[in-house]
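Chains: A, B, C, D and E, in written order; residue numbering restarts at 1 for each.
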Amino acid sequence: MIRIEKLNQKYGGTQILWDLDLNIEKGSCTCIMGRNGAGKTTLLKCLMGLLPASSGQILFDGKPIQQVAAQQRAKIGIGYVPQGRDIFPLLTVEENLQIGLPARRDGLRKIPERVFELFPVLKEMLQRRGGDLSGGQQQQLAIARALVIDPKVLILDEPNEGIQPNIVRQIGDVVTQLNQEDGLTVILVEQKLGFARRVGREFRLMQKGAVMAADKMSNLNDELIRQYLAV
Amino acid sequence: AETIKVGVLHSLSGTMAISETTLKDTVLMMVDEQNRKGGLLGKKLEAVVVDPASDWPLFAEKARELLTKEEVDVIFGCWTSVSRKSVLPVVEELNGLMFYPVQYEGEESSKNVFYTGASPNQQAIPAVDYLMSDLEVERWVLAGTDYVYPRTTNKILEAYLKAAGVAEEDIMISYTPFGHSDWQGIVSDIKKFGGEGKKTAVVSTINGDANVPFYKELGNQGVSSEDIPVVAFSVGEEELSGIDTGPLVGHLAAWNYFQGIDSEANEYFVEQWKAFIGDEKRVTNDPMEATYIGFNMWAKAVEKAGTTEVDAVEQAMIGIEFPNLTGGIAKMNKNHHLSKPVFIGEIQDDGQFEVVWETDGVVAGDAWSDFLPGSKDLIADWTAPIKCGNYNTKSKACSGQVQ
Amino acid sequence: MNALLHKLWSVAIVLLLLPTGSPLAQSEPAGISADSVLQQLPGASLKKTGELIGQLEQAGGAEMRPLFEVMLAGELYFIKESKQIIAITKTERRTYMGRDVFGGATLGEFTSREIKKIRVNNRLRSQLRETLARIDLLHGRKIAQKQAVLAMLDDLNEQNMRLLTVAQQGGVDGEVARLIDLAAAMVQLRDSRVSEERLEAIGIMTGQLEPAVRNQLQRLVNDAQEQDLAVRAAAQKALDKISERIEFFGQLEQLFFGLSLGSVLLLAAIGLAITFGVMGVINMAHGEMIMLGAYTTYVIQQLFPGAIAYSLLIAVPAAFLVSGSVGVLIERGVIRHLQGRPLETLLATFGISLILQQAVRSIFSPLNMQVVTPNWMSGSLVINPVFSVTYNRLYILLFALAIFAALVVVLKKSSLGLNVRAVSQNRDMAKAMGVRTEMVDAMTFGLGSGIAGVAGVALSQLTNVGPNLGQSYIIDSFMVVVFGGVGNLLGTLVGGFSLGVANKFLEPSMGAVLANIIVLVGLILFIQKRPKGLFPQRGRAAE
Amino acid sequence: MRRDTTWPFLVTRRRPVDVSKNIILYLEELNVSFDGFKALNNLNLYVNDGELRCLIGANGAGKTTLMDVITGKTACDSGSAWFGQNIDLLAHDEAEIAGLGIGRKFQKPTVFEAHTVFDNLELSLKGYRGVWRALTARLSGRERDRIEEVLSVIGLEDARYQLAGALSHGQKQWLEIGMLLAAEPRLLLVDEPVAGMTAEETERTAELLTSLAGKHTVIVVEHDMEFVRSIARTVTVLHQGSVLAEGTMDQVQNNRDVIEVYLGEDA
Amino acid sequence: MRQPGRGTSWLVGILLVVTLAMSAANLLLPADSPFYVSTYTITLMGKYLCFAMLAMAVDIVWGYCGILSLGHGAFFALGGYGMGMYLMRQIGDRGVYGNPNLPDFMVFLNWQELPWYWFGMDQFWFAIFMALLVPGTLAFVFGWLAFRSRVTGVYLSIMTQALTYALMLAFFRNEMGFGGNNGLTDFKDILGFDLQADATRVALLLVTTFFVVVTFLVSRTIVQSRLGRVIVAVRDAEARTRFLGYRTEHYKVWLFVYSALIAAVAGMLYVPQVGIINPGEFSPLNSIEVVVWVAVGGRGTLYGAIVGALLVNYAKTRFTALMPDAWLFALGALFVIVTVYLPRGLAGLFGRVIELVHRRPGRGKEQTTRDDGLSVAEVGA
């Protein structure tokens, strides 16, 4: 579904991603892991089109999309939940959700009920400013917001940062549900091993801007963890 | 030098561009014309234009630039008094020669400046005389923009009116800032002031930009020229060209020149101007005539002196006569001010003025007002033996600025 | 009872006056014929002309009406050679079409050398107008009648009273009748010696707002000769009553002035509330967008000289398009490159504002352009003699409110409003949600600029249309937006009106300049109290 | 009206906190509401001197708001907050409270992005914060050592000259913790320190915080239960603005209410 | 690591050398020498340097502390008025009316006596003192009110603008006793030296240069000290700084006052050199122009402010003479182009050039640009 080849990325003069290759199967649930600063967020931003890649190819459904603007990528079905949530703070919860509606391919112009089924809290909070919500509520909103555009691929950057345990569980369930029932392809950046193991079915390990290891989640062993995740 | 350089120091941008650009063009036209006549002293004239941008310190800087860098022989320039005040020390220091073509508050006479616009006794006093005698005005509103020209003029008028027996409560004075645009309250006050039974008139020293909203408000609040006429000293043909004059018919202005005055010289001048500027609709106005007279007098003086050397030209200037565009002869007096006729005109719906009154002959411009306590003893006389811009006739001395 | 007495009094006056002669001198008094008077007109001095007009009225009466009208319009000329009096119409090509004053028959073209104007000045014009009023009073329409009577209140001489009485007998109603009664009362107060009659007259005059009434009462109160203390006391009371009413309407007027100034501030600021308030661009070229709108009005009037009445209606959408497109160009050309550097938009837009000003100077000349006020925008709605509301200000007030409402609807109901806010809060995230941020930016900036242009149309009716137009509003606009609270449209509305009203209520006691200074200082202190303006953005994110 | 002193302006600002009763923080009957929404609701909380206290609770329970109140960021509607026996926190503003020795790490890492990592730490060093002092301050050898020490603790030695703005999310977390260490406050309020950290890093943070306790008082807010379990002695659970439960980790973990609103079944 | 003010000291050197050379050329060379520098140029240079000082004042608060003041012209003008009042009193009885007690503008508007606030202004030291005290106090009071109430961002900017606007209106009023619209002019001498003498002008230029250099060095010391770093911290994360225990409002107030004093000194030096001070100097647009100079030069660098002020004003001088009808196009275009293509102003351009010339080894990473265009090198400059 997504294929990244020889991706390089620089901030000014600093190179972050080095000839990065990545392959994501349709319908998979891939967990990307790596130390702080390994370049995970950077990679996702490139994928979303929010950062320009200096070279390399990104293929979506076999079509190259490096030149496609971010807003178009949303329309072709990439949903993005950024690290730090990036809720529109002064928009109400409802407005936060409505923003994505025009990007839907099916022309639906109403927030789908499914979203509220997954995150019932949001229904109560529709008229509150997004920025006033607590961290956990914001995180749920961020995922809901990404789901509104009816994506084919859902990108989640550390979705559990600062979330209470039962909701972490709930998010995990939602992600699994989306992946398995709705057939959504999921790319997940996650630091917490437990969660990654539970939700992810494949893993990619990143270090210094390159993917060092890729396999089924069941094959993630202590050796790999020590090599790529320990400090 | 093989040319005679004429400096032009008028704002081409900023708030004053609206008035001064015209004068720049007038000087250019005069230079053209003079060159067509063969120049001066066998040399061509060359205009050097700079833009002081309505920025007063910049006026001083540009004057210095013209005098030292460009070494011009004469400067035509300035509109506002503050720009003139800013330039004055520079022309005096560098012994330059400047012609100032705008009506102003007086209270000044510099060896290096010739004042070809009206001083208060050539504009304000005759206008008030007219209102008093012909329109039998008894109550007075002195409305002005808050700066030195209106302040001084109104001080003079106040003294003059009181001397003529007008009571304190029959004079209303109001000052507004530059570019004032909300006249609702003031016009309403004027209306009330004028509604108390006595014939009332407004003497307006309101500056350029504030006039359009002022007259619009007058029109809309139904203050017609018949109820309360307004006589203005800063509203000429050029200002009117930016106003829908329909509602203003009958309001007045006092000047030394109106475009509408019939005379051959004027007709030629107007045609020449329209051709030069390439616009049939452009109008002429009083400061243009002042520039015209100043320029021609300077040319005559240079011929007379046989040089452009400032001291020689300055002395040659005194006593020079040149025909007004409106008929009669203007004369440069010893105090560097002109003798000119004064006209009162009424605004017509085509934006022109119709003369309704004029002085019998010419009026000599006073450098120092007779109606201000500080200056009533002062005179200016740039001929020997006095040679002073502020000679005190009582103490027989020249205070301060000795040249 | 009063009315009856009054009737009697009127009749008495008529009887008293009748012997002096017929109220309308239709017949020619001994020896003076209109024609002979007319012959003296060419070359007469202004003073002399005044006398001649009087004689003409005496001699010709209503027949002279066309002459007076032509004269009032300043179209009365005479042919230099023959001294024949003619009416002249100036044509577009600056030639002079002559016609007969009375018949209207065309007399052909003249050159300016052949003819000379019969001068009229202010005094003559008002004399002419009064003369016409006298003629009209008897066979005029209601409005003319009212004007005529009002004019006469100031000068209740015998001739005028006679006219009024005749007019009254001819049958008038409503307002005119009231005024004539008032005139009668004023005369009664002035001329009668009977205390009761005079008191009754004062009764009628009480509460009437016509300046003449007040002036007469004032004179009476101040008159040391006045012996009748009861009358004097009554007059004082009546005067107080009148003053009280005037005071009330004065406050009302002040309020309207304030609202009107507020509407101007609102208009000037409202576009900025979008480009600056919502988008965060410190748009120094905002004033120039207003200016472009005003110039568009001018151009429209030049293009359709025949349709002045509709020119503003055409100008509104035109100005929106012109300023809006310039806004879009600026956004696409410059602002877009400054994303993430909001403060630097100040620098770029300042440069743009210089360029636009100079461009206008180069294209249209540095002079002010003449924008004509259509008839329906001129004059005022007279509510009573001391309170009237000028139409242009009234319409502009309504217009400002309409624009505001329209804008609120656009921003609330269309997705644009939502998208703009999202983009301004987090551009990247908006992109990631499929918002076409570039489009949104351009549209929003275009909308803000377009609205500024529309404001320019309105302002062209109040002030100079010149290259400096924009500069005179830019400071105030920023002030209003900030006072109201950046990003809050309602704040801009309330901010504009409260600054306007505050200014106008301070003005009478302080003068325009001090009032302005005090409002500014007040604003500075207010911001200390509420550092985010009247309607601050609230919530965690705003911190 | 301050009741503790008659002439408040005569009292020197810097009084050492009096912890003679061994309690460093008293929060009583605190109420905070936003637009009618009660973020803190009659909250009572006491923290012992030198304690390491974990604060957990559902998202939106009011933990961050509580820290806001303690540090002077948010004014409370009613209630009292005392630092030791002698200092009324509600009478001081943020800077003063920081000066009293209460340091804070924000939930969303906030560092000085235009400064290098080193400068960030230097600015955080304990010391007088006056304008004049700042103008004349020179880094002493001792201070330099302290910074180096902190740098090595937070693992940013290599990034010391890098602009803080260019750090990754996790690195910023560390830097902020470092800033807190450099300031050596009496009371540390740490809002979600391990968010975005790897398991390994989480462990290190746990060690760090545990080592701080005793000399400093630490209040940690965290949702990572493993982390909490690894450091916690006393755990307080907030719910809807008030304390729901308090006790050891085990007690709390088995509390029905806590399981229902926070931990979820089979936690 | 101490951040060095690298690549900036040379600016001070160049300034000193250039002005000294100009002064010598003006005084020592005959007027027809090809190297003669006219008094016009001397005066012009003096004026530019005053503007450079003003630009530095704005840069210190804006570039380093994020306080975008759109009203610094007010402090400049107040300083100028202080000096103007002194110069006015020096005229003595040499005014046109020969009145030894009243300035000319008071005489013809019938003032009977000198208003109280003019007393003492005939003493140089007192005038200077007042010219510092008044703007300093104003800055203090305004800053204290505003910063204590945490007025920030555009709110603060617009309030500074309101401040200068209100002062402009006030000084326009003739009743204020400062000469109304005309302001103060027609000065004769300063400290007994004839203002029109070449030597005085040269001396004024040298004094101005001296103050520019001093301001530069002092300001550089400040921004490189820890104070400077606190200030930058306040700019980027004021709340965070407060939670570290810094009383940010104190820092801001004192910085604002310092900056206002620099502006006032610049105004004091400006007036004798241009010969006039009037309310136009309070005009909000003037203050905005100053901000524009700083932005063109590159904010957040002291030398950028100087370069920006010199360049823009030189451009203005040249353009108004070369193309009097179209210079605004050129100037406007300059502003637009600089903003779009040189996000960090001219200083940024220099910075990049210098960086290219000698890339310094040993730095962990290269300079990284923040989105508002500041980098380490410049923050220290």
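Keep this in mind: contacts are C-beta pairs under 8 Å (C-beta built on N, C-alpha and C of every residue); 3 or more make two chains touch, one makes a residue touch a chain.
Small disclaimer: the values here were computed from a predicted structure and weren't measured.
S.K.: Shared touching chains for chain C and chain D?
M.R.: A, E
S.K.: Name the most central chain, where centre means the mean of Cα atoms.
M.R.: E
S.K.: Express in whole angstrom the distance between the two chain centres, defined as the mean CA positions of chain A and chain B.
M.R.: Chain A and chain B have C-alpha centres separated by 75 Å.
S.K.: Roughly how far is chain B from chain E, going centre to centre by Cα mean, in whole Å?
M.R.: The mean C-alpha positions of chain B and chain E differ by 36 Å.
S.K.: Using Cα averages as centroids, what's the distance between chain B and chain C in whole Å?
M.R.: 30
S.K.: Using the touch rule from the top of the page, what residues of chain D touch 2 or more other chains?
M.R.: Within chain D, residues 34, 166 contact more than one other chain.
S.K.: Among the residues of chain A, pick out those that touch two or more other chains and give their numbers.
M.R.: In chain A, residues 11, 14, 132 touch at least two other chains, as defined above.
S.K.: When you check chain E against every other chain, which residues touch at least two of them?
M.R.: Where chain E meets two or more other chains at a single residue, that happens at 169, 172-173, 239, 325, 328, 365, 368.
S.K.: Once bound in the complex, which stretches of chain A touch chain D?
M.R.: So the residues of chain A in touch with chain D come to 11, 14, 33, 35-37, 41, 83-84, 132-137, 139, 158, 161-170, 191-194, 229-231.
S.K.: Once bound in the complex, which stretches of chain E touch chain C?
M.R.: 68, 142, 145-146, 148-152, 154-155, 158-159, 161-163, 165-166, 169-170, 172-173, 239, 284-285, 288-289, 291-292, 295-296, 325-326, 328-329, 331-336, 338-340, 343, 371-373
S.K.: Over in the complex, which chain E residues touch chain B? Could you list them?
M.R.: Residues of chain E touching chain B: 38-40, 43-44, 47, 91, 93-99, 104-105, 107-110, 169, 172-174, 180-183, 185-187, 196, 274-276, 278, 280, 317, 320-321, 324-325, 327-328.
S.K.: Could you please specify the touching residues of chain B with respect to chain C in the complex?
M.R.: The touching residues are 12-15, 17-18, 21-22, 134-135, 146, 174-177, 179-182, 184-186, 188-189, 195-197, 209, 212-213, 216-217, 219-222, 225-227, 229, 238-239, 241-244, 246-247, 249-250, 252, 279, 346, 348-351, 354, 356.
S.K.: In the complex of these two chains, what residues of chain B are touching chain E?
M.R.: Contact set of chain B toward chain E: 12-13, 49-53, 55-58, 60-62, 64-65, 68-69, 80-82, 85-86, 88-90, 93, 107-108, 146-148, 151-152, 155, 175, 177-178, 372-375, 378, 389-390, 392, 397, 399-401.
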